[in-house]
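What follows is a short report on a single structure.
In this document, chain identifiers A, B, C and D correspond to the written order of the chains, with residue numbering beginning at 1 in each.
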């Protein structure tokens, strides 16, 4: 399993007139967590991007349990539970201390700048395999 | 069935460095379509809000099929397929001419400003019943 | 003078916990007005973009007089008062019926994808000259 | 003088199809810096908000010198150069290492939830006076 956690401080701009965070903004936090996971893996997204690998979102979902509020300090955990082959599925949990505020999921595939689904870069496959090997034994 | 369609023109601010619309922005379009559906039903959301009815998003999801681009003219269709009782489930389809770019779903419940799930306002229930009666009968 | 007006309906996502529109969002409305002005001029921004002309914001400012609220129908007027040579200066006024909610200004220059300031496309210069000639007599 | 610096990591969502950060997003970074300055002063904005003090933006402006890009680590410095009486004027500088990417300014006043301009909370006045006394004396 690949796993990473990112700290988020809620911005005023992220709230709406309901006084809580606007739902769509959670997806930008999910992304911050994914970027961190790739960093932790030694494959920064900005490097992948320069080499022509895009990683668009094919599907996304979120479930909102408790509202996040302005200035909250949150932790966003992302995990990839299955060895990614063609598709990469990431799962998320947003927590404020012990409370789970939201959970989510995104699905991705590597894509060329021309919009074709392509094989992951070799290092990604290798590092993922290594990471999954490690956790499995 | 309740059904409504809203026209969207893609803003530059909604794109990202991939050259297409950033995925989280589709949820703001879904919302524009919901607001329009409530208008069409004669129950503008701003009126509900003034009377103390909030309609938060409990769950949301989207599937991205083809990218939306800057300045695209899109139609966002929303439909509520089942008579809403405690939960309201809305489904969405974003189209550029004949092409479906994305589909989605959001789930809602009426909530008081204090954060308690409450019964829908009576007119909503009545109008929904009427609308469902109409299409079914 | 070049002048154009765009209609905006305020989105829920554009509000913040103060119950009014978050200040930075006015700049996306200014942009919608600019895009419309270029359309009216017969030089859609998406065409300029395809031909390698970018029109970044070099400076921007806004003054907020009255708050815009969710679901307000606003008109955003943009005007270019001086014949644009190297720099293009646009001025904005956001109105709700007779009330002015905000005013603003942005400064732009044409830029190549490599980031160099370049001369405006010839048609832009010609159309601007024509438009200014017309209004001046 | 009051002065504070905040670290920002540029999000993918903050970029646009020009490949750089969308101009309006700098204002959300300016805000992050202001929030930090109030924290440093011992007057967290969330506390002021709970006590009924709003601090809306009356005016804002920015000048863009070099583009910020995805994943850049930036520092955003905010400073209040004059003892704030009725109006508070904050100035900003966004830097990537030694390079200044943008500068800006925002003007604020304390406001009641009903929208009236009010006197700053006493601690704010006292702490500001103390801070200005310190730097001047």
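Heads up, the rule we're going with is that a residue touches a chain if its C-beta (ideal position, glycine included) is under 8 Å from a C-beta of that chain, and two chains touch if they have at least 3 such contacts.
Keep in mind that what you see is a predicted model, and the values were worked out from it rather than measured.
**Student:** Between C-D and B-D, which chain pair is linked by the larger number of C-beta contacts?
**Tutor:** Higher C-beta contact count between the two pairs: C-D.
**Student:** Quick one: which chain's Cα centre is the longest way from chain A's?
**Tutor:** Most remote chain from chain A, centroid-wise, comes out as C.
**Student:** When the C-alpha atoms of chain A and chain D are each averaged to a single point, how far apart are the two points in Å?
**Tutor:** 29
**Student:** Nearest whole angstrom, what separates the Cα centre of chain C from the Cα centre of chain D?
**Tutor:** The computed centroid separation for chain C versus chain D comes out at 25 Å.
**Student:** I'd like the Å distance between the centres of chain B and chain D, where a centre is the mean of that chain's Cα atoms.
**Tutor:** The mean C-alpha positions of chain B and chain D differ by 35 Å.
**Student:** If you look at chain A, which of its residues touch at least two other chains?
**Tutor:** Each of 12-13, 17-18, 20, 24, 28, 49, 70 in chain A touches at least two other chains.
**Student:** Taking the complex as given, what residues does chain D use to touch chain A?
**Tutor:** 9, 11-13, 28, 31-32, 35, 44-46, 49, 70-71
**Student:** Mind listing the chain C positions that touch chain D in their complex?
**Tutor:** Residues of chain C touching chain D: 17-18, 20, 23-25, 27-28, 49, 54, 56-64, 67, 115.
**Student:** Can you tell me which positions in chain C touch chain A when the two form their complex?
**Tutor:** Listed in rising order, the residues of chain C that touch chain A are 12-13, 15-20, 22, 24, 70.
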